[in-house]
Amino acid sequence: MADPIIKVVNLWYQYPDSDFWALRGVNLEIQRGELIALIGQNGGGKSTLAKNLNGLYKPTKGRVLVEGLDTKQVPTHEIVKRVGYVFQNPSHQIFESKVWDEVAYGPKNFGLDEEEIKERVEWALSLVGLQGYEDTHPYDLDYGKMKLLTVASVLAMKPDVLVLDEPTTGQDHKGRWILAELSKKLNREGFTIVTITHDMRYVAEVAKRTILIANGQILMDGPTRKVLTDIETLRKAAIKPPQVVQLAHALRDKGVEIDALTVREALEQFKKILKK
Amino acid sequence: MEPIIKVERLAYSYPKRELVLYDVSFEVQKGEVLGIIGPNGAGKSTLCKSLNGLVPHFYGGKYGGRVVVAGMEVLKHTVAELSTKVGIVFQDPEEQMSGLALTVWEEVAFGLMMLGFPKEEIIRRVEEAIKQVGLEGFEKRSPFELSGGQQQRLAIATVLAVKPEVLVLDEPTAQLDPIGKFEVFSVIKRLAEEGSTIVVVEHEIEELATFADNILLLDQGRIKAYGPARDVLTQVEKLKSLGVDPPSVTELTYYLNKELGTSLEVPITLDEAIKIYSEAIGVS
Amino acid sequence: MSAGISLLKRTAVEADTIFQRLDGRVKFLYFIWATVIVYIFYDPYLTLAFLVVTLAMAAYAKVLKPIAMTLLIIIVPWIALGVLILSLPFGFPWNKTVIGYINILGWRLPVYLEGLGWGITWPLRISVAISSALFFYLTTNQAKLVATLFKMKVPFKAIYMIIATFQFIPLLFDEANTIIQAQISRGLRTDVGVLQRIKNYLAVVIPLTISALNKVQTRAITLESRGFSAPVKKTFLYEAKLGVADWIFLGLMAAATVFLAWVYVTIGYSPIAHLEWIWA
């Protein structure tokens, strides 16, 4: 088996000036091409873990290896080339007056030549569906498109891994759907994706693997189907699975053979069950 | 019975912008819970702000139609006057902290202090409001060290202390984690049971379906559907065409009926779905 | 809990010494009084005495650390640089009395009294002003502060604007931090040249400014929705009243004023150091 693209070994993390351990002994391997959801209550360690993956935070104890590079030995600007992190709030990063310039910021920081930058910006914009908006002022875009802009600006750095921090918070259903499709498309194109989210329906529809983190430790790590149907453990973390999963669970308690993660799956299964 | 909120042909545009609300009309009775749903940009926030006068008094712009809340016509009263009748809670917990209170207690008291209530009255109401949202024990804490869910409950308490006739909540759980959402919805549901008049904008339609009496579907400034929750939420194709997802169990049953030819009753909540499907399958 | 403490540490265990219990107006008066006195007298020793007294009170009230840190950041570099430039022959126009010589890098330079005096006295005067102002601010309960300012007829809206600003500075620090992280994640580097550093600042300052402006607007909306502009008499939960300790403190200040007036008249404006006023 190929080496994992990211390997986390016994990661313990403490914020500077704090006694509190935000991460306690996290072990994790991420293979190239995975599509992972990172779930858990706020304060449980999701963002802290994610920021250890792109070199923003360095382990207090333990190691994080990105494509074989130890994040404690290698400068952050080398790691961010490989792991792109899209922050939750677009206004925390947008500062240029044109969409084109905003997307070009990342590649420019790498000192690439004009040709290369132009190519990457066009590629990133078309990937997220914002071609045509090059000269638009970012603040003239609606929130959904601003989110796509931030994804494009990170894509332009051509990282191998993409971390999306709560991409669907504050969005309407259509925005959520657009991001779900985009994530799946990017994953098909070869990007390894880690999504931090509270939206269980989104997780069910998008992520192949789900990691539940609470109190700085990984509580569950496995195929989404397995994690989201483990109602007991989810309840301990005060998380409700998608409504369809709850329905299936309740019916299974009454003896019905059903196992569905999404509306689509439930539809197919009920069709079979009710035909009888 | 005179409705406690009456919106007649409301039209509005922010200064130098296009119309954001066109010919919106609806009523809310005392004790009713009205849910407002729709895609972003539909005008839902603007509609909320038109209930307490921020629209038009704070923003300016062009205004048409009439909004009357608890007997006060919005156009003819200041935001301060309307704040005694309409309490509004926004999305971002941190943005609603006045920034002038060092403790949770002072934050809840803030509105009452601004409105000049006598001291003894303030003390009594603050205690009551804090209890209503379940923040007993937090009185001396700083608002800024609370969790998102606690901060939103605090925001609700500050509004409840003034004892308004109507509570308006604009996407109160959008920025919260699952526990926070649960805490806030619990408070809203309890207030609804106690008979409060509530207008709530939400994307969490599955939760909304469990306590909303009526639902208003807004898209691009116009009402696309309005009526009892069940009537609106079961219009699956209309909702989806506007980019709004109905509750999963609703969508599931609708398509099941369509593709299988069955005529199952279409549930809007999980509990209803469990009952309906148990019967349909033939289990207890 | 005092307004200033919340600025520096969101939740501080607040001390409750006699200084916290003094009325805000008395401490404010002390700030004005001390600043004026050290301005009237041109004497580094006297100014230093005032500074020491103020810092001692601060230490007793357990607010010494933030004041000391502020002074360290602002005043100490100022004194060091100021004394060097003014007392050595770098062009300070009133230098005429040589009091000694020092060796710097093989050069033998005269040290002038006038420049030295000026270079020490001015920063010390500012120190007294800053530390007495911070002393007032850090030991006065926010709600009492509001009531105090209101009694002093400061316009109500102005009071709230000032205090709210202080509450939000920590929030803006947090935001700045997040913004920096977001830009580092896009390749912003700190090991770069001047031109790039300017671009770096823009990448942080622009989002921060927009964010701050947004916060101002949403805060205004929140306040409006809570009756901030209601034209009624606002209720304040604290009464500003003068107690025994206040009168004693005021009495001490009055006595000191009389004594210093006598010193001024009999000895002069530089009683200990005997400096001459520059423009005499």
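Letters A, B and C name the chains as they come in the text, with residue numbers starting at 1 for each one.
Criterion: a contact is a pair of C-beta atoms (placed from the backbone, for glycine too) under 8 Å apart; a residue touches a chain by one contact, two chains touch by 3 or more.
These figures come from a predicted structure and were not determined experimentally.
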| item | value |
| --- | --- |
| Common touching chains of chain B and chain A | C |
| Of B-C and A-C, pair with higher C-beta contact tally | B-C |
| Where chain A and chain B are represented by their mean Cα positions, the distance between them in whole Å | 30 |
| Rounded Å distance, chain A centre to chain C centre (Cα mean) | 46 |
| Computed distance of Cα centres, chain C from chain B, in Å | 46 |
| Interfacial residue positions of chain B with respect to chain C in the complex | 52, 54, 58, 78-81, 83-84, 87-88, 90, 92, 94-100, 102-103, 106, 109-119, 122, 141-142, 144-145, 158-159, 162 |
| Chain B contact footprint on chain C (complex, rising order) | 1, 3, 6, 10-11, 142-143, 146, 160, 163-164, 167-168, 170-171, 215, 218-237 |
| Chain A residues touching chain B - in the complex, by the definition given at the top | 41-43, 142-144, 169-175, 177, 198, 201, 238-240, 242-244, 246-247, 250-251, 254-256, 263, 266-267, 270-271, 273-275 |
| Residue numbers on chain A that touch chain C, as the complex places them | 51, 54, 56, 76-77, 80-81, 84-85, 87, 89, 91-95, 105-110, 153-154, 157 |
| Complex contacts: residues of chain B adjacent to chain A | 38-41, 91, 147-148, 174-175, 177-182, 203, 206, 243-245, 247-249, 251-252, 255-256, 259-260, 262, 270, 273-274, 277-278, 280-281, 283-284 |
